[in-house]
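Pasting the structures here.
Consider the two complexes below, in which subunit A is the common component and subunit B and subunit C are the respective partners.
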Partner chain A sequence: MKKVASKWMAAGMALLLAVAAGCSQAQPSGTDGTSSNTGTTTPASSDKKETVTLRFATWDTDQMLKIQQDIAKQFEQKNPGVKVQVEAYADGFDQKLVAAFGAKNPPDVMYMWDFPTYNASLEPLDEYVKKDPSVAIDDFYQGLLNYNRFDGKLFGLPAGFSTRVVFYNKKLFNEANVPLPTDNWTWDDFKSAAKQLTVRDKKQYGFAVRSEPDTYDLQQFVWSNGSSFISPDGKAIEGYMNSKETAEALQIFSDLAKDKSALLVGGKNQQSGNDLFKAGKLAMYDNGVWSLESYKKANVDFGTVVMPQFPGKPGKGVIATSSVSIAKDSKNKELAWEFLKFFVSSDAIKMRTSDLPVRISVVQEKKLDQDPLYAPFYKTLEQSTDTPAFLLNPHWNEINRNLSAAVNAIMMGQNAEELLNKAVKDSQKFLK
Partner chain B sequence: MTVQPKKLKGRAFLTPYLFILPWILGFLAFTLGPMLFSLVMSFFDWPVVGEVTFVGLDNYVNMFTDDPLFWQSLWVTIKFALLFVPLNLFIALFLAMMLNQKVRGSGFFRTVFYLPSVISGVALAMIWAWVYDGEYGIFNYLLSLVGITGPNWLNDTSWALVAMVIASLWGQGSMVLIFLAGLKSIPESLYEAASIDGAGAVQKFFRITLPMVSPTILFNLIMTIISAFQQLSLALLLTGGGPLQSTYFYAMFAYDNAFKYFKMGYASANSWFMFVIILVLTFLVFKTSGKWVYYEGDNRRGGEEA
Partner chain C sequence: MKSWSLFPRRSIHAKLLAFMLIAAIIPLITLGSMAYWKSSMVVREQFSKSGEYIATQLQIQIDNYLSQMRYMAYDINTYVSDPTLVVIREEQPKTYTGFLEQKNFERYLGAHRNLDTKGIFIVTPSGYFFGENVINGQDLMRESWWKALPAKLDEERWIGFYTPRHYVGFQDEAELRNQEKVLGLVVPVLSGYGVLKDSRILIEMKAGKLFQLFSQLEEDMSAHVTITAKNGELIYQTAGTFVQKESDVVWNKPLESNNWMIQVRLPYEQMNRSAEVIQSFFIAALILSAVLALLLAYLFSRRITGKIKRLQETMRLVGTGELQTRAEVDTEDELGRLGVSFNQMVRRIQTLIAEVSRTEQLKKEAELRAVHYQINPHLLFNTLNSIQWKARLSGANEIGNMLYHLIKVLEGNLDITQELVPLDKELQTVEHFLQIQELRYGPVFQYEQTGVEACGRYLIPRMTLQPLLENIFFHAFEDGHGTIRISVSEKEGLVTLLLQDDGAGIVPERLAKLLDPDLERSSKRGLGVYNVDQKFKLHFRMEHGMKISSVRGEGTTIQITWPKREELPDEHQGNDCG
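Take a look at the complex of A and B:
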């Protein structure tokens, strides 16, 4: 018999917090975190006998994790006496991180993206960047840095990223005599291609629509249609989340599923668009760079292209970033900064082959922005100038619950405008 | 005449307690302690990171007055329980009776039916995801062989919960085992006597098997009700509560509040309400059990017969 998992876990976690809090006080406190050294000296080098342990938390697994362990090892070689403890929290990243912050015993450096939730516990990096020109802040894409700012302060530096593009199966396009998509295709082109590429008898589909998409990813379609989920100042959703343009953008996907030119794929561990694309059963799929290698391994003859546009409106993109931040409670801030700086240095960025380089110089050196497979990701990055909703309002989490419910119902074929109006009505209380 | 047990003194008194001390310590540290702690938390706004503030009964009041998800998840759980509990008991008893037959290879089948209980929940969910797939799944393939076009099980609001029920029925090996033990304890002589009196199979079942196994039914009923209300992992792994919250179980509601939104106080309140529901249901089952559960050697019953 299963226990009341939630209750036990809630209580167990609270107990862990208490225990961890006790432990953290007993720990020796490395080098003094408040010293105002400039970043040019490594505190560790002066401390030869004792090894200093630096904790680094990541949400990655498998190949990505291996790369980060390699980066950590290189840092250890360059800084004798330093041990980098890579803590892989995987799917439980947020739970473990929140618990660690709550217990005042956080990792020194960690992967980060949710700056609204964690910014109060993170070290602002503006001073470090100003004092330490070797980080070469101008070498990062400006669009990526925007995603690392909250309340005007810089709380993280990007280590890797992906934008979303359409992957398409060239063989299926050729078989159906459909012209391959181009950089300036429209949603009408997309829809007619999806329709022609769907062959019900062969269980082949033009596109796959997620029945429970992350509203975060949908933002770029809403932006591209000239609207947004929330006003630029983050204070209003009426007229934004439920605008005609928002409804229209979301309706595209629901319509595709309704007329069966797209397959509705489930969340979680159900049959994913990814598997179908690899099996050659899916002609088009929107995704980040993460699956590119596995598509290659599956021997799919595929290309990438930017998302379709709404006629007469500029295309917009949304970014998924893996940034790195320093904990405010870190006892080793100078060393943490050294590690963070190394983690986003050109050398380390080049080692990260599972997502996209964040440094302009690395991209130019590898000519990625000219590679037909990778260029659409960077073209979309140039179009990623809008700020995602969660960075604009501290209560977005709660608002998003209502929006998600509406979006899921829209994907299942219900009326978009009605549902969005309801989501706005239900969410108004969180704006006050 | 009753014999008073001799009072143990000194070390002799202590020894048994020392033996169970590890369990007691574990119980205090990992069960009772956290439970009481969560009761305390339920009266606070407890965001893990940030200020902890006392809010009195606000969490409980919010739950009932201001959270549509609370009602939705409760309703889903009740619907699930109404389907799952009777089906589970019926099928488990049926399987146990099948396995109780004296046929060659019954040991093999007992192993086979128990096997799914050994597989971890995650692996089981993975298998079901593949079985239920609307387009390429084995379930719909089998249905198509008899001319039925199956639904997209996990993406269909009217079928997703049914799919959860069917998948949950799979992990009942331990319940079958308990029933089997109950069946085994029925003395053969009763059936023999009934045969001599000319009773048929149906009569034997209703007059002998069912009453004799009723204490086991009571136990399994209570355990099934508890497990139905605590249903979480399958939906968490398969559907994430969707589509349209049609499989959003109460336990997932509490889980999300705790570990997705980090409202520990609110989640504790959710959990304690669940505790109360299960307590009340168990109490009701016990209350009515006197009417239908037969204990051998029970004087009340014996008196009635005379």
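Take a look at the complex of A and C:
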């Protein structure tokens, strides 16, 4: 009985739907043309095909992501028919990127720094730069471009960077009657300042040593002392990683921690150097530009200065850079290049406030190289002429594990030379 | 008792209104109810399906997370219980090998991470931990759920959903609140010695996707989600108060991994809400349509019945004798044509009435004249008879004969009691008249008649032929010479009489005037022919009567046509009454 009724109703519904369909079909032809587009397929769909979607992957979040989205929006406005899809991979950046490259469906443009790992999946840019003078490649700091080369090829263009400088708390210096650091201070100046500025009763420290520092950051000290972790051709570590100069540079920090003029920070269950500096409990801290705003916000009266030097040896710097690259498997390489070009253009660079401008013209226009807070970063940039180890040897990751263990142990107060010899010995196998 | 009828008896207006309303509303209700019934069924089904789908998604997703976490914990436990693989001698490494071993171990832990993993750690009783350096072990130990764990943990503990406070880098409560919630699992490390003794594996998964599913159920469907553990402990519950009802639609999804039970409760009204929207739309549409139908029906039927009423009023006026009244016609529809026909009919009636009254008038005049003629026919006849006898006695036979025929003619002429006489009787009178003419002129003319035997009994107005013959002798035959022919024939109910002479003929201008009724009677055309024609028209119909054709010098033909009528025997009256 119920079945019969529902069948009957279904028939009625079909009739009703047919009537309704008839009505709705008749409607668009009577109304204006725009609404009829939904009914017909050809013109609307062909319009849609003209919209090209360009995928852009970034590791940034929050405020920095917002800036990149704004840049993408500006690019869309200047290029009608282009939609830039900003994909925020956040801390899953590498996992997602590897998966996308593996699936041959990578984002067209992506943030990049690890050229040794990804260069095979990236589009070499030398030809683009040669063909398109509007990118004004000479306007970039050469030191930055150097970091975007691997195997002699350019795989990315710098979008933002930071070098490392010493942030110092002026108030603490003045309280302790220690002269403020200058551009040509030495490690001895530094050590004595650290000692004087440590007041253990007030839990105030002259400096903070990372108990598990990134060996990448340590390179500038090794370079400054005339050594390096690896030979310039990337083939030898013996005599470089375990040289007297390398050990000497690293030992400085170990000694600072040992004689308590520096606090070990950043390890498991240890305080963060940043927090200490913001709290005004830290007189000196080496860091990139990223923390500058938060220090200002914390109302710390601070200054910046280049790293101390070894007497008679030129200071050296290491660069942290955010670059942008094009995927080799991108289906819109020309458009990707246009976007990449826009992303590193003066206009876009001016929008990026979270790291430092990469174009000489922008720096000069904003007079950043004359700003006391920012000048040390650019001075260090000029000194950043050495190529970091990871760009010189494809097996650096493996070598670095041993080096890290050695460095960590050195920071815990062990003998540097002995540990570096052990690390070199353990790492020789990766060079063969 | 007054019987109630669905349709009012007296007003077409009301009937039309009722009919149109019913015609509009019944299909509307039928189709509308069907549409409502079916669509709300579909909507409800869809709603229920999507609820079921999301609940299943939730179940699969949570189950997926739980089993992943379990697997990770199992895997790590297997690894750490093998002393040849893990050699951790000190919590905080200080030596080169110590750091290498710790890093290797932490890389092993990190290898279990996937995109949904927030963190994987092994936490020692002292608060030191192995794993990515993103948390603070001391903060972790201050977390209430961590403190609630028994000191001697014997089996896995599902923590449920919480905002982690032990991750470094969060400055204030506001930042903490924005933190993605995590789903946590704590498992005791099986290794019974060394640094890892009594340690716990902590696995935290990002629960953002799950909370999206929760909010889909909670915000989009107003459902109430409850997740309870095996022991009745509440793992998750939708915020806010929720009153459970018998009628709620409930999906219960048990989780395989750890016997949690997901219950999604959807208030029945919620499911019906979209159907209710359809219903209210439908009712609004129904009311609107009904009002529209009523309005249109009212306007339309008022126009029609208004016209009918006006026509009715016109007819009533015509009925009371106001024949000049005309129906107003402003359309070409059936009512318009009805009005036109009615107007034509009234016009015809007016014409007929006018004709009837004119005929009556003429009849009265004729009667009056007849009375005048009747003044003393007896005196005339008696006197003529006396003169006739005197003439015979004096031997003047010719005069006597003439008088005899004259009397016969006069008898025919003066017998006014009968207006219509048989044709043969009229012809007898004619013959008496011709006898007089023969006596007068001598036998110089000829008279022929045909068809009288067959048609003699048909009635003809009295005194119609004699004046025409008189005309012939008076105008056509100047010296009495000539031939006169009378022929009578009958066809299709009409009698046709032809009177022909071969006399002088009539001049055309006179011929035209002969039968023209518009001419004054006093004019010179002479009364004879016109009067004869009028007699036929009066007695019969206007279309009957005479036609005259004449050719100068060759003669005249008069054709008279009238309907065939016979004298009934009982109506026969003697003509010798006087």
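Quick notes on this one:
We take it that the second predicted complex is superposed on the first by the 379 of 432 C-alpha atoms of A that agree within 3 Å, B and C clash if a C-alpha of one lies under 4 Å from a C-alpha of the other, contacts with A are read in each partner's own complex, and residues count from 1 in each chain.
In this text, a contact is a pair of C-beta atoms (placed from the backbone, for glycine too) under 8 Å apart; a residue touches a chain by one contact, two chains touch by 3 or more.
Quantities reported herein were computed from a predicted structural model and do not represent experimental measurements.
In the superposition on chain A, A:Glu212 makes contact with both subunit B and subunit C. Look at A:Leu431: by the touch rule set out above, it reaches neither subunit B nor subunit C. In the superposed model, A:Lys422 makes contact with subunit C only, not with subunit B. Of the two partner chains placed by superposition, only subunit B is touched by A:Lys203; subunit C is not. Of the two partner chains placed by superposition, only subunit B is touched by A:Asn397; subunit C is not. In the superposition on chain A, A:Leu65 makes contact with neither subunit B nor subunit C. By the document's definition of touching, neither partner reaches A:Ala236: not subunit B, not subunit C. Counting residues of subunit A touched by each partner, subunit B versus subunit C, the larger count belongs to B.
When the shared chain is aligned, subunit B and subunit C each come close enough to touch A:Ala405. In the superposed model, A:Gln95 lies in contact with both subunit B and subunit C. The contact surfaces that subunit B and subunit C form on subunit A in the two complexes overlap at residues 9-10, 12-13, 95, 212, 266-269, 401, 405, 408-409, 412. For subunit A in complex with subunit C, the residues that touch the partner chain are 9-10, 12-13, 16, 92, 95-96, 212, 266-269, 272, 401-402, 404-406, 408-409, 412-414, 419, 422-423.
Across the complex, subunit C meets subunit A through its residues 31, 34-35, 37-38, 92-100, 103, 114-115, 127-129, 133, 136-138, 168-169. Of all residues in subunit B, only 29-31, 33-35, 37-38, 41, 48-50, 69, 125-126, 129-130, 132-133, 135-137, 152, 154-155, 157, 223, 226-227, 230, 232-233, 237-240, 242-245, 251, 254-255, 258-262, 264, 267-268, 270-272, 274-275 touch subunit A in the complex they form. The residues of subunit A lying in touch with subunit B in their complex are 1-15, 17, 94-95, 98-99, 101-102, 117-118, 120-121, 203, 211-212, 263-271, 397-398, 401, 405, 408-409, 412.
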